[in-house]
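Below is one structure; the comments refer to it alone.
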Amino acid sequence: AGGGSDSGSTSGSGGGGDQTITFIPKQLNNPYTDVVLGGGEEGAKAAGFASSQVVGPLDASASSQVSFINAETQAGTNVIVIAANDPDAVCSSLEEARTGGAKIVAFDSDTNPDCRDVFISQVVAKDVALIQTKLISEQIGGSGEIAILSATANATNQNEWIKFMEEDLKANYPDIKLVATVYGDDDDTKSFQEAQGLLQAHPNLKGIISPTTVGIAATARYLSTSDYKGKVALTGLGLPNEMRPFVKDDTVKAFALWDPAQLGYVAAFAGKALADGTITGEVGDKFDAGDLGEKEVTDGGIVIVGPPTTFTKDNIDDYDF
Amino acid sequence: MSETVTAPPPTGTISALAPKKRSRAARLLLGRDAIMIYALLVFVLYACISIPRFASPVTVGFLLLDVIPVLLIAMPMTLVIITGEIDLSVASIAGLTSALMGVLWQAGLDMPLVLAISVAAGVVAGAFNGFLIAVVGLPSLAVTIGTLALFRGLALVVIGDNAVANFPPDLTAFFTSKIGGTGIPTVMIGVLIVMVFFGVLLHFTPFGRGLYALGYSKEAARFVGIKVARSKFWLYVATGSVSALAGVYWTLRYSSARSDNASGLELAVIAAVLLGGVSIFGGKGSIPGVIAGVLLIGTINYALRLGRVSDVVLIIVTGTLLILSVVTPSIFASVRRWQHDRQVRNSLPQVTTSGSTRAEHPAH
Amino acid sequence: MTTTVQPTGSGTPTPAASEKRNIIGSVMHLRELPVILALVALVLVTWAINPLFLSPQGVKDMLLNATIVMILAVGQAIVIITRNVDLSVGSILGLVAFGTGTLFVSFPGIPIVAVFILGMVFGALLGAVNGLLVTLAKVPALVITLGTLYIYRGLNNAWAGGTQYFADDRPEAFGNLSVDTVLGFPLITLMAVFVVVIVAIFMAGARSGRDLYAIGSDPDAARVFGIPVTKRVLLAFVANGVLAGLAGVLYTSRFNSVGATTGTGLELDVVAAAVVGGVAIFGGSGSVVGAAFGALLLTTITGALTAVRVDKFWQQAIVGVLILASIVIDRIASVRTARRLRVSEARDV
Amino acid sequence: MTLDQAPATDARGPFALSLQGAAKTFGPVIALADGTVQLAAGEIHALVGENGAGKSTLVKILAGLYHPDAGEFLVDGEAVAFRSVADSKAAGISVIYQEPTLFPDLTVAENIFIGRQPKGRAGLISRTAMRRQARELFATLGVPIDPDRVAEGLSIADQQIIEIAKAISLDARVLIMDEPTAALSGIEVERLFAVARSLRDRGAAILFISHRFDEVFALCDRITVMRDGRYIATHETSGATVEQIVREMVGRDIATLFPKEDADIGDVVLSVVGLGRAGVFSDIDFDVRSGEIVALSGLVGAGRTEVARAVFGIDAYDRGTVTLLGSRLKPRDPQAAINAGIGFVPEDRRKQGLVMDLTVARNTALTLRNSLARFGIISGAREREASEKWSNLLQVKAGYQDLPVSTLSGGNQQKVVLAKWLATEPKLLIVDEPTRGIDVGTKSAVHKLLSDLAGRGIAILMISSELPEVLGMADRVLVMHEGRITARLDRADATPEAVMHAATASMEGAL
């Protein structure tokens, strides 16, 4: 990571052309993550980083990211972009990285706000929650039992959405009853079996919300291969490429997601602005996010990327990620 | 008692080929442990030269912080494996300890009390293993696969899907603090005490002597008065306690108490212990070798991360090292045997001749 | 020393009497009995609480869940019986599953049979690597397969990267293997049962199958006795590889996605299933049928606990207790057998 | 000095099996330098030699288990090179090894027929046929062993009998038996001999290894002597004497074999009262006094070892007491027994007596590990010192101190076991088959040693299946049958007839 790579960073927007950025996703080799990171790499290049790296654990456990952060601290990386597996476990090592001069951008899944400079959020958390409750309500006709199949029990983002969903259900959908929340740990097999368990334990279940791409795909696979196909509704957050067959065979009527690539893209620009000192992460700070225009830091040091899209049979073929 | 009858001539061995006797020092310097230590030194040297920024106190700090849980648990695990047993539940005990710490701290107990209760839970968990294995006499591999699930399950029962993070900052800072400018984490002092304790216990006490006998044959051990059940029981209590300490360390270092802390660590510990030269069948192994094994894996791990080599490579390297560590000696041995056989064939021509000239034994 | 002493053989049990004792005895002392009883009890109790548990869909789910672990447990039992162990099965399954996905994507229209064969051959190769390392270098299987667990997983990660193949990438007919049923039994479960039966007959009725027991009972004696130990142990590992390969193909049929992490962490579940099914961890005794029931019991317990809505946080702890209980029961049974033997011998002598 | 001329061979035609000048080394150890033996069809041929003479090594070469470094190996006049045991089996050679090699988890019947189980329907193994054939075999041997029990837990004698059954059931042309009688007592030995003779009469060639000369002379047609890994001579049994053979084996004369000297018999050291364990033994009462050697005699399986194990605390007992020097011993606590002053030389040195992977020094010092420690720490120097002292006393070669015990011959291993127990300076020494598989030289040294120990006031409880040893060594003989003591004989009354009578259950022999 030396200054020998100047030639490749002539388009840098001011500041040192030898700045480095490293992305640490929750887990490597996960399709959703790959889309996010693809956007990140593109953003890093566009923002003018000399080099960008992706490192990370092969399993999504709480502490597995720490030694990667440590290695980055020692390597003198300027910007660390992280999707935290656990908001607190990564904190002390991120503090150490900051002491060493690195800027910390959280994306996708937030860390404890004290340990990062900004958090790049997909969308307003509440919007994500509301769109899912709305979709499920439409699909089950506004009343009946539903359940949630989430990722890991500690996932920061999912837990926040679930909280909003519960509130929304109570306030606006009195006839819908949330009977269970289970966790598939973003593991295909586990999610599959959790879905199966839900249906057996709750014979009157009318719908499932799975606010995680692995969970919704596994559940869709189970439903489409069982007697419950067409009888139990399913929605949540999914990748269009993964969900396409299930939308086409009517297992799933509609689901939502933002464009994951934008998340990485904006994170890279936020990192650049922090490293250049153009922003500090204060509320109201504005920075240029390349093709996506100007972004603003809102309450709690959060940058919102864009609204979620709802995918149905009619529009799913327009997307490729 | 030295009359005519009592002096049979030295039987059996004829030292035609002078036995190449190594001195004790040579044996120490060429032993299995020594090779592990050389391997570690060579790798450290290599990393210092070829990986930028590796040679720095920061490395020492981060590296040691990473290996401490494995290093801790590997100590009693070495003793357990030397007796021919195994403990797969160690990581689950660490997880259970962590979960308990979280719940108790959340409930507002004082930190010393939280620590005492959590470590006590590890002791009880170890004693439970020990009871089933040593007293009831069940196979340890099977039992600890069961308690691996049980203790992890209890951790889930205790803390569910919550995570507790608000431990006192002073305390968590202490767990990542370094001794002066050396880069050595302060907690290494405690770890060192554990290492010395188990090293002395294994290599310099009657108890340790007994463990090797136990690992070879339970019957043989019982005949020399070794209390087989009791020794094993206490070893499991020891692994339980040390795993609990590792759980405490994990919780406070990451400042996060969760049910899945340290999950999967058992295989890493066993891999390190085996790499350190302990025989999985028992009866062989040493603490210095194991320490070198743990540090070797830890250093390679850290060097690769610093060089931004993917973890994919790391796990392949770990697996390959593990296999090499057991296959290489066996290859060396067969090469040596082959060379020896050749040498013997050349040096024993007179036997063949005498065989063929022994006309009194016509065989045709 | 005199040669006129009467032979002490008068106490030998008469053949007829011992034959009768054998039939009743062999049922009563079947190592598989505890696990079968536990399974029946579990299913009945769960069904009483939640009738949906034995609905056609419930039964189908129960069997489907068990199928893959069952095949793996049978393979593992073969290896454990020879006093070895294969911890790399999860990684083998992962590699084969991803390979299966790749085959369907790279060669659209490839016959399903060919995929099964290629998957099993691939598994056999991976198993053979384990077997060769264990037998040629004469080193403990636990160490070798812990090593290949890491290596195979690393290769899977390197090969797959972030790529995953989804149900959509595969022909409908292939996916339907784990959907369609015959008499309420899913097709892949029938395949698994078929495999169990074949392997069980081999282990009990073929000389080379019995050799595996002899090797596990005392490997040194087996070598001294002239049993081709290397060949047989290699055979056990290859057979396990084939079965893990089959499991990998079936996994791909049943689940949605296959990728770098498919099958991670399965190894201990599989060993646990064999142990619960009465396979002695140090080799020499147990049966593949027992291992299959062990797998069925362990996978069913999770489903049963969900069906009766036991708090999910308790589930893993209960699985742990179950494993321990099965080991304890096995021990009680063998202690009783030993005591019976001791007393009856004393009478016979 | 030896008769180097082998008997005329032309009368016997080509040998069924002929090994000449075979050599085998293990690292620095030359186990066999000139292994030569020639077996003719229809003869029983003895192979004798001291411990470590290389007999077992030679057997393992014949079995295809070891590959010789040199030498010529002919079967029926054809040169062969066995690559594995399977090859030797195919050539019709069947071997009983010195150490039983059974599969503990398999049934007795399956142990006998493994690899060649009778087949029934559909090419699958027929258990019924296998069971029947096993019963027939046991009937020939006249032993009551249930073919359906697992081999686990069988006494060494029963294991040896199963090995014999296994070997003879192969109907081999060449049968090799490496000390098959070491664990057997009179009756079983006789039956084995009857079977061996009938095999010979059917034209088999038999190689028989034993340290008991009465057996060798009773059974064998020819005798080959080995010493230090080399062939010495072959004799027709009819023309040889024990003295001559012994001289060739050791290279010098042996004065006496059983030099038990009278010692002053003192106070009671061990007192066993009413000891019982359900199904194994009951009502065991006896005393052993200082300076006294008490022999426990009886047929194999009579429960002698079990009594000794219970006394030492290895096994539990249901009833009775064990008292040493006036204080009661804690049951099931060998360490307490050792502390009180008991030493125990067990019958199975491979599994019970030694830690085969450890060095001679570590093994010898294992019993001393507590007393060698200062402030809980053992020093290696003190350990070696202690070990050297005791192994020198027993003439374990000094150079062996740092070698694993597994590389020593059986006799030297037994010396290490004795050394480690003498090192504890016991008040009572229990020796279970102390000379099992030991050559005459070492054997008489062991006997002399036991006698010396008794002379120094140590009480000795000896279990032995060798009647001459029992009669020669013991001050008193206790005979056991089916778990009970059926006779207590003083030295003067202990005749072979009296002992055998009691051992075979006629209760008249009891007091």
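As written, the chain order gives the labels A, B, C and D, with residue 1 at the start of each chain.
Rule of thumb we're sticking to: a residue touches a chain if its C-beta (ideal position, glycine included) is under 8 Å from a C-beta of that chain, and two chains touch if they have at least 3 such contacts.
Source: prediction; values computed, not measured.
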For subunit C and subunit D, chains touching each: B
Between the pairs B-C and A-B, the one where more C-beta pairs touch: B-C
Maximum centroid distance from subunit D, chain identifier (CA atoms): A
Mean-CA-position distance for subunit C and subunit B (Å): 29
Rounded Å distance between subunit A and subunit D, as computed from the means of their C-alpha atoms: 74
Chain centre separation in whole Å, for subunit D relative to subunit B (CA means): 39
Numbers and ranges of subunit A residues touching at least 2 other chains: 28, 58-59
Residues of subunit D whose C-beta touches two or more other chains: none
Sites on subunit B at which at least two other chains make contact: 160-161, 264, 310-312, 315
Pairs of chains, among all present, that meet the touch criterion: A-B, A-C, B-C, B-D, C-D
Residue numbers on subunit D that touch subunit B, as the complex places them: 4-6, 9, 14-15, 18, 20-21, 23, 25, 27-31, 33-34, 36, 38, 50-54, 69-72, 74, 77, 228-229, 250-251, 253-256, 259, 312, 314, 333-335, 337-339, 344, 346, 348, 351-358, 362, 365-367, 369-370, 372-373, 376-379, 395, 397, 399, 402, 409, 411-412, 420, 439, 441-442, 444-445, 448-449, 452
Residues of subunit D that touch subunit C when the two form their complex: 63-65, 84-86, 88-89, 97, 101-106, 110, 114-117, 122-125, 131-132, 135, 138-139, 142-144, 146, 148-149, 153, 186-187, 189-191, 194, 278-280, 301, 467, 482-483, 496, 500, 504
Touching residues on subunit C, where the partner in the complex is subunit D: 1-3, 5, 7-13, 15, 18, 22, 201, 204-207, 210-211, 213-214, 216-218, 220-228, 280, 283-285, 338, 341-343, 345-349
Partner subunit B, residues of subunit A touching it in the complex: 28, 53, 55-59, 61-63, 66-68, 70-71, 73-76, 86-89, 91-92, 96, 112, 153-154, 183
Contacting residues of subunit B [partner subunit D, same complex]: 1, 3-21, 24, 27, 200, 204-206, 209-210, 212-213, 216-217, 219-227, 283-284, 340-341, 344-345, 348, 351-352, 354-356, 358, 360-364
